Each structure stands twice: as structure tokens, then as C-alpha cells.
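Below, subunit A partners subunit B and then partners subunit C, in two separate complexes.
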Partner chain A sequence: MLDFLQTLSDGVLFGAIYALIGIGFTLVFGVMHKINMAYAAASVGGAYAGLLVLKAVVVAPAWMVFLGAFLAGGMLGWLVYVTCFHFIPLSSPLAPLMSTVGMLLLIDEVIVHLTAGMPQNYPAMFDDVMLRFGEFTLRGDLLLVFGISVLAMIGLLALLYRSRLGLATRAVAQQPIAAQLCGIRVTRVNALTFVIAGLLGGLAGALIGASVGALSPLLTTPLTVKGLVVTVIGGLGSIPGAIVAGLLVGGFENLFQQFRGVTERDMYVMLLLFAFLVFRPGGLFPAKS
Partner chain B sequence: MKKIAIAVAVALAAGSAYAQEKTVKIAGFGAKSGVVRSFGVNSEAAMIAAADVINNQGGVKLADGSKAKIAVEFYDDRCTAEEGISIIRRIYGTDAVVAVGPTCSNVAEPLFGILQKKVDDKGDSGLQMPVFTDVAIKIGLARISEWAFRNVPNETTMYSSLFYWLKTKYPDVQSVYGGVEEDFAHSRASWYAVMKDRAEANGYKVIGNSKWLVNDTNFSTQVREIKHANADIVAISAHPFTTCGVLKEMQRQGVKPKLLVGLTSSSSLETLQGCAKQAEGIIIPTSFAPVTKEGKAAAETTAKFKGAADLHSMAAWENIFILKQVMESEGISADKSQLQADRRKVRDGLAKLKQTQGLLGVTRRTEDREADKPYLFVQAKGGSWVVLHNPL
Partner chain C sequence: MDFYFGLAQTVGIHTLLGLSAYIVLLTGQVSLAQAAFFAIGAYSAGMLTVLAGWHVVPALGVGSMLGAVTACAVGFPALRVKGLMLVVATLAFGEGVRLFFFNFDYQVAKGGIRVGPLGGEGFRQIRFFQEHGWTTGEVMLFIWVFVIAVMALLWWFDRSRYGAVLRSVGEDEVAAQSVGINLTAVKVSAMTVGGAIAGVGGGLYAHYTTHIEHANFNVLLATFAIAYPIVGGLRTVFGTLTAVIFVQAFLIEGLRFLGDWRNLLFGALIVLAMNLRPHGLFGRHGA
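Moving on to the complex of A and B:
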């Protein structure tokens, strides 16, 4: 029983990472109704950029590396917007999808070329903190990721529902033409959405690096897949949905691994996605029509 | 008349210059993109560095007594089977007399499959191209084709020797638990067919093993299994990224086995770059360390070409020197019209070899076209690899 609980809690806590990535996917989808396939790669790219800070300043503390990742993530978010959305005809749903897939591969390969594919040690925060309840343990660094995911959700919801930018963002999401007629600069709002999602992505990348303990280009594809799964299960465009789905996928993933083995694990995660698509296509928190 | 004499002289001079500029092309191929890019980068650098040394000494002596320079052209197979097969077909269409590569065993296996199985088998239309592998290490692959040769370490011998030495050195150490990267050809084969088997053969009790995938990031369940097993030795058959992930999780969960054993490919800079602190003490058998004069020189020369010296890249270095020896002893012409004959000569020359000179000492060649290379055991200490024991 203890093993079951430990497996479940480890998975749920690790799912906080999926939740952070899912939030970014869902934010962009909520505003532009487009999937940004390069999001996870840009997040990892932001984390790598944070490492440059570490290398530039000889003994940079972890928070400085995280700050570097946060800012670089925002810049990459803007870059992805400009290259993959701004000049692309958005009326064709395939065009931004393919351009972001291209960007995913480009970011991945740039990282590979800059690091020769070698894993890079990444500074951790609270990695030595382990909450112990007898034999049962909880990882301090993953609790931090979980806390940041919740804070990010609160912050984003506050931004969306308590600020002028949020009002403009919601207006653009609901009726871009009407929003434009009201004087809202749609392009600017879209770009800002990417920057905000990018900032969050950079932070997510840094937290992923910190919790895994290393950065590698190997991270981008599985995070992209998990981010998409989380976005669909949570409900496209739903920020709370992304968090709940992230934790759910993380927990299920670990349980499947425990009971069916690592080689079958991802198969069951995909079956879970399939089940949602068939029986609850709107996800856990379907968008209001 | 004078004009004709000048023209003849110019033609002769041009002919002579042409003769001096003869080249023997060696095609290298391996992963230069994706997460194993460093393997291809290092192999290419080592091959170019070795060719540079040979060229500076005059080059390769041809059948007619003239000399030819070695030209290395390297192709990126991205560690995928389909790309590897496509590249070997492309190489076959060039004037390369031999190919050196690939990096990944999952490329080598199907690629050797498209070569002619048996020499002179007229019913087999497979490619007749000698391939001399430097990196792909999964056991027994050269058996697939008589055109396939490898200069990779024999992991069975190395781990047999390592477990024997550990048994002698630490007699109180009794049990082994494995960790295996289940979806990577080399790691998987090395655990099930080599490490596990050799540990048992040396009297260890193998309690079991945990599995993970090459892209995994969460190892809590696997490390809990390792913790529950409470084995004296934890043997990790995985590449640097997941090796580091597992070692970091072991540190978090306070798992401290008496000894840690790693996979040959992890005795590289990558592991130290990813987790030097957590890898402290891990013991790995390797076929290269810069402990000899030749080894140090090879490492330094390769570094000038922006490559790192490790067991894989230094095999590429050795391959170029072995090929020079073979081309000279077999008397190739480096004439494009004789290309297929030259390839055959290189193949036959490689097949004849009983032993070669490597950077650590003499390498014995086996009947099935594999190498039995000298090796030693290294240990991660203070952020670098130090020689722990030389069993030979």
C-alpha cells in the first residue's frame, strides 16, 4: 500500500512539470485557437539560455539562472510568435502548426549543435529537501514546482480577469474582428500572449532542469507530447484544466509504470487520451460554448 | 618545335603534379545531429586528425610506388537506420575505398544486413563495400556480413574481467542489481547479454533489474526498486543522460551501494558534465585512456581538430592507421577505374589481419572480424576519469 501511495504521489508531483508545460500550450490555444508545437522546445531553450548566465557569471546562484531562463523564455516566446505566426496566414490551420513543428526541430537542433547533445548539469533548488513521514517521502523540489504551477495559474487568471491586458486578451480570443473594431491592437495582444507564455515556459524549463538535475535535448519531444496530452485532457484553453490534467497524467503514468512496466507505460497514457477524446472530447474543463 | 617541347613539358609536369595529388578517399559516417552528436563530432575529428598525421608523413604508398593523401569525408546518419542505409548507398556511389562508421548499433545492424553476406556469392546482390566500424558496440554484429569489420571493444571480455577483479578485490561484495535503458540497442544488449551474464559467471547473485527509457526524466519508481533490492553492486547499463538522472535520484533517496558499475559508453566527458558529483566512484571498463605516449599524442592531435578522445573516437583514430597499413600491404591503386578492385583489396586485407597496433597496445583480431582490444578500468574521481586498474 505504501509503495502504491509513494508511486502515486511521486507521479502526481512530477505531473506538476507537465502542468506547467500544459498551461503554456493552453494559454496560446485559448487566445489564438492555434497549437504552438514549439512551446516545450522553447521552454527547454530558455532553460539552456539560463545556463549561459551561469557560465557568464562564474558562481551564479540558482535564482539568477532561473531568472535568466525566465527572461530568455519570454524572448523565445516572442521570437516564435514573429517567425511562426505573425507572417504566416493564420486562416490555414495547417500553416502555423507546421511552422511551429519546424521551430521545434530548429530549436532542438540549435541546442544539439551548441552542446554537442551532451547533457548539462543544472543547478537545483531544494533538491536536498525531502519531507519524510516514516517511509513515505515527498520531494521538496517537486513541491516547489507544484507551488509555482498553482501560483502561475492564480497569476494568469488574475491577469486575464483583473487587468486591461486580460480584458483585451479575452476580447481577442472571443471575437478578434470585433476586438479590432473596438481599438484593440490584436497583433500586440497576440505577441504579448506569446511573451507571457514564453516567460512561464522559461521558468518551466528551468524547473524541469532543476528537478531532473540535467538538461538535454532529449527533453523536448516527450515534454511536447505530454504537454499536448495534458492540454487535451484538461480541456483546450482551460488553465485550471491544464494543472489538474498535468497532475493526473503524472500520477497515472507512474502507476502504469509500476503495474505494467516501463515499456507499456506510454501506451496506457495514450489510451487515457483516447478515452478522453471519445467519451469527453471537451476535456475535464470544457470551454463554454 | 620549341612550342611542342614546351607543351610536352607542361603536360608532363601536370601529369607529375596529378600523380602527387592522388588521394585515397575514406568515408566516415556517424551521428552528427541529435543527442548523440558528440559521438560523430569526435569520430570525425579523430579520423581527420589521424589522416592529417599520415598525410604529413607522406601519405599512403600505392601499388605503383607513388604516394596518395588520405581524404576523409564524413556523413551524418543521425543515428537512424534509414538514414544510415541511405548514406552507405551514397558512399558506395562515390570513390571512397572504405567506410568507417556508424555510431549507433541500431544503424549498424540493418546496415550490415544490406552488405553482401558472403564474399564472391554471385547470388547475393548486397553491397560490396568494406565497412570498418569504430563505435557501434552491440555484440556480434560483424558476423552479419563478410564486408563488415569492427574495431570496438569486446564488452564480454571487459565485464568478465571487471567482475572477476571486483570479486577478488572486494570479496564481501556478493550481489548485483541492474538498471537498464530498455529501448536503446546497446544498453539493452549490454545488460542482458553481457553484464548480467558475466556477473553471474563470476559468482555474483543477480537480484534483478529496473528498466527505464532513453527519454525518461523521472526515475523515482526505478530507484525505489534499486533501494528495495539493497544489492552490494548497482550496475547501470545506460547512456549518460539517464545514468545521471538515476544517479541523482539515488542521491535523493539515499541509495548508496558499495560499488557502482557503469556502461562502457558512459566513461566519457558527457557523464562528468552531467553529474560529476553523483557519478563519483563509478567504475567502468574502457578501451581507451590517455596513459600511453601514443594515446596522449592522439588525444592532443584530436583536440586540435575540436574532438574529444574517448574509447569511441580513438577507435576511429586507430581505424585510419589500420587502413593505411592494409592499403599499403594489399597494394591498392587509388585509380577510379579500379575502385571495386581496391575495395575488395581493403576487405581482404582487413580479413587477413591477425592483430593490429592500438593506442593501449596490441589488439587481437578474431575470426568473425571483431576486435579483442586491450582495456583498463577507470573510475570517476574528483570530476575526471582516473585509471583504477590495468588488468593486462
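Moving on to the complex of A and C:
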């Protein structure tokens, strides 16, 4: 029983990262009704860019690396918007899907090229802290990951529901043409959505690096798949859905990793997704249409 | 010369993979499960020739049928969801199949050595062509017989009533439904035909490489499958063939002299191509 709880809590804490990645996918989908396949790759790319801070400032503390990743993620988000969405007409839904796949491959290869494919060590905070409650422990670095993710989500929700930009974003998501008639610049809102999603992604990438201890370009594909799974389980376009689904998938996969082994783990995650598609195709929080 | 025969084999197999996604894309559905049907064809045809000692042609037939049956079975639940949900559903199915083969052991002793799929180590020694003394040129011709047959079939589909029905569903589902077209039947049938084509391609792939493992059938392969028809444009089957030649012969083999930089250029060229020609290299002009 204790084993079970321990595994579950570790997984749920790590699941906060999946939630962040899921939010990025869902945010872009909600506003543009397009999928950004390059998102997870850009997130990992942002985290790598954070390492450049270590090169520039020799003994940079971990928070500076995180900040660097956060900002670089935002810039990559904008880059993805310009290269893969801005110039492609809305009438060709397949083109941005393909161009973002091209971007995914490009970001992956740039990382491989610059690091010679070697995994890079990533700084962590509080990795020597352990909270103990008898036999039950909470890892300090995972708690930090969880805490930062929650703060980022609160920040995002505040931005969306308490600011003019958020109002514009939600207006574009609901009715792009009506929003344009009200004087909202749709392309600017779209670009800003990508930047915001990118900022979250860069942060998520850095948190993955910190909790795993290293970054590798091999992370991008599994992260893309997990992010999409979380997005669908949560309900496309629903931010609370992505948060709940992220934590759910994190806990679920860690349980199966513990009891069925790492090679079978993802198979059960896919089964979970299929169960959702068959019995609840709208996800946890289906969009009202 | 063997190099060019080898290249032609790769182009042929990837054309089959691309065509299996092409027919599904005609109905407006994006399926990332084609790599899974490809894997099912590869493993089943390989097991039939190696473990059961079948000739390669019936083995390919069974691989193709299994691909079609799985595609049909996946089609029903997966096509309840549309658009991006379908992308994710089929992606998840594809990963599920890959992970199944990652955990799949079925070995028998044969002539002192154990043969058959062995989990993460893959499935070695699918040596039907070598054992029967086929030359590279003959294998290439064998593969292209299938490619040309499938291309002719799809070309004929395009000119038949069935092709018009497929495209009408892809253009506008509501309009298609209002003239009495059964959407589910059309989509599932396209998926089934696609699964059969991918199954043949997979069987050929297994025999041509002689060694397959789960990692061959990852998301990247699934993305390539849909990339060929999208990059080539959905107007005719030749778009897919041209895209395969563009990617496999030009981007991958032709740019080999660039070394590491080739991979960088690869992604960038796809991005550029989609920006300049959003409807594919040979797609229609304008919106």
C-alpha cells in the first residue's frame, strides 16, 4: 500500500510537466484550431538554450538557467509561428501539420548537431532535500517541479481571464471573424499565443532537465506523444482538462512502470487513451460546441 | 549498379507506405497508424517465411490481409473522432503496436539456431530472397511489380465512382452525407484499403532488410507515410511517387555529400516546401 502511494505521488508530481506540455498544445489548438507538432521539440530546444546561460555566466545558479529556458522557449514559440503558420493560408489544414513536423525534425537535428548527440547534464534545485513522513518521502526536486508548474498555470489562467490580452485571446478562440470586426488584430493574438505557449514549454523543458538530471534529443518524440495524449484525455482546447489529465497520466504511468516494467509502461498509457476515445471521446472536459 | 537497385527498392517500399496514407487522406482523414499496419505486415510475412517456411507471395498476401483487418478494426472506433483527435488516436494506436512488438517474443529452434522475433532485439534472418538466390535486380523488379499494381489500382479508383465518393467526403462531409453517402462506410473502407497496402509494403520491407525491430516502426515512419502524399499533393498518385523520390533519392541519398548538414536541411526544406506550396508540390494552385 505504501509502495503504491509512494509511486503514485512521485508520478503525479512529475505529471505536472505533462500538464504544462498539454496546456501548450491545447492553448494553440483552442485559439487557432491547428496542432503544433513542433511544440515539444521547441520546449526541449528552449531548455537546451537555457544551458547557454551556463556557458555565458560560469557559475550561474539553477534559477538563471530556468529563466533562460523560459525566455528562449518563448522566442522559439514565435519562430515556430512565423515559419509554420503565418504564411500558410487557413484553407489548407494539412500544410501546418506537415510544416510543424518539418520544424520538429529541424529543431531535433540542430540540437544533435550542436551537442554531437550527447546528453547534457542539467542543473537541479533542492535535489538533496527529502521530506519524510515515516516511510513515505517526497523528493525536493519533484516538489519544486510541481510548485513551479502550479505557479505557471496560475499565471496563465490569470493572464487569460484577468487581462485585456486574455480577453482578446478568448475572443479569437471563440469567433475569429467577429473578433476581427471588433478591432482585435487576429494575427498578433495568434503570434502571442505561440509566445505564451512557448514560454510555458521552455519552462517545462527545463523542469524535465532538472528532474531527470540530463537532457537528450531523444526526449522530443515521447514528449510529443505524451503531450498529445494529455491534450486529448483532457478534452481538446480545455486548460483545466490538460492539467487534470497531465497529473492523471503522470501517476498512471508511474504505477505501471513500477508494477509492469518500463518496457510495457507506455502501452498502458495508450490503452488509457483508447479507453477515453471509445467511452468518452470528448475528454474529461469536453468543449461546448 | 547494385546501389541504384537498392535505392529503387527503398523508393518502391516507401511509395507503398505513402500510397497507403494517400487513400486515407483522400477522405480528409490524417492517420498516423500506417506505420503500425506496415509493422504488422512486416512481422507476419516475416514469420510466415522464416518460421513456417512459406513462399514469399502467399506470406505477403496474409500480411496484407492482417493489415487490412486491423485497419478495419481500428477504423470503427477511431473514426468516431474527427480531425486532430483522429491524429492522436491513430498515433496512440501506432505506438501501442510498436510497443507490442517491443515486448513480443516468439522463437523456435530451426537447424540448431533459434529464429523468430525476440522483443527489443528484433527479428533477424528473414533471408528468403538470399536463400533462394534472388539477385538485387530481381528483388527490385519483384517490389516494383507490387508498386505498379497498387498505383494502377489507385489510379483506376480515382477515375471510378468510388474515387469520386472518397474525394467528396474529403471535400465536404456534410454535403457528401446529404447526397446519401455513408460516411463511416467510406472512411472505414479507405482505411482498410490503406491497411492492406501498408501490409504488403511492410512484408516487402521485412524481406528486403532481412532484419526488423520495433524501432523501425516509430512515429517518424508514420509521419513519413503522411508526409509523402501531403508534400506531393493529393491530385494524383504520381504526386506521392514524386515526393518519395524527392525525399529518398534527393534529400537522403543525393545530399549525402553534405554530411551532418543534410539532416538540418531536411527539416528546413519541408518547412519551406509547405510555405511555398501549401497544397503540395503538385497540388492545386491557390486556396
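Please note the rule applied: the second predicted complex is superposed on the first by the 289 of 289 C-alpha atoms of A that agree within 3 Å, B and C clash if a C-alpha of one lies under 4 Å from a C-alpha of the other, contacts with A are read in each partner's own complex, and residues count from 1 in each chain.
Heads up, the rule we're going with is that contacts are C-beta pairs under 8 Å (C-beta built on N, C-alpha and C of every residue); 3 or more make two chains touch, one makes a residue touch a chain.
As the structure is a computational prediction, the values presented were derived from the model and not from experiment.
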Of the partners subunit B and subunit C, which touch A:Thr263 in the superposed model: first, second, both, neither? both
After superposition on the shared chain, which partner residues are touched by A:Leu97: those of subunit B (first), subunit C (second), both, or neither? second
Report for A:Glu109: first if it touches subunit B alone, second if subunit C alone, otherwise both or neither. both
Which of subunit B and subunit C A:Val195 touches, first, second, both or neither: neither
Identify the partner contact of A:Pro217: answer first if only subunit B is touched, second if only subunit C is, both if each is, neither if none is. first
Going by the contact rule set out at the top, does A:Ala42 touch subunit B (first), subunit C (second), both, or neither? neither
For subunit A, which residues lie in the overlap of the subunit B contacts and the subunit C contacts? 109, 112-113, 221, 263
For the complex, which residues does subunit A have touching subunit C? 29, 35, 83-84, 87-89, 91-99, 101-110, 112-113, 221, 224-225, 228-229, 231-232, 236, 263-264, 266-267, 270-271, 273-274, 277-278, 281
Show me the residue ranges of subunit B that touch subunit A in the complex, using the header's touch definition. 33-38, 41, 182-183, 211-218, 220-222, 224, 240-241, 244-245, 248, 252-253, 269-270, 273-276, 278
Where on subunit A is subunit B touching in the complex? 3, 6-7, 10-11, 14, 17, 109, 112-113, 116-121, 127-128, 130, 137, 139, 208, 211-214, 216-219, 221-222, 254, 257-258, 261-263
Per the contact definition, I'd like the list of subunit C residues that touch subunit A in the complex. 25, 30, 77-78, 80-81, 83-85, 87-89, 91-93, 95-96, 99-100, 102-103, 119-120, 218-220, 223, 226-227, 230-231, 260, 263-264, 266-271, 273-275, 278-279, 287
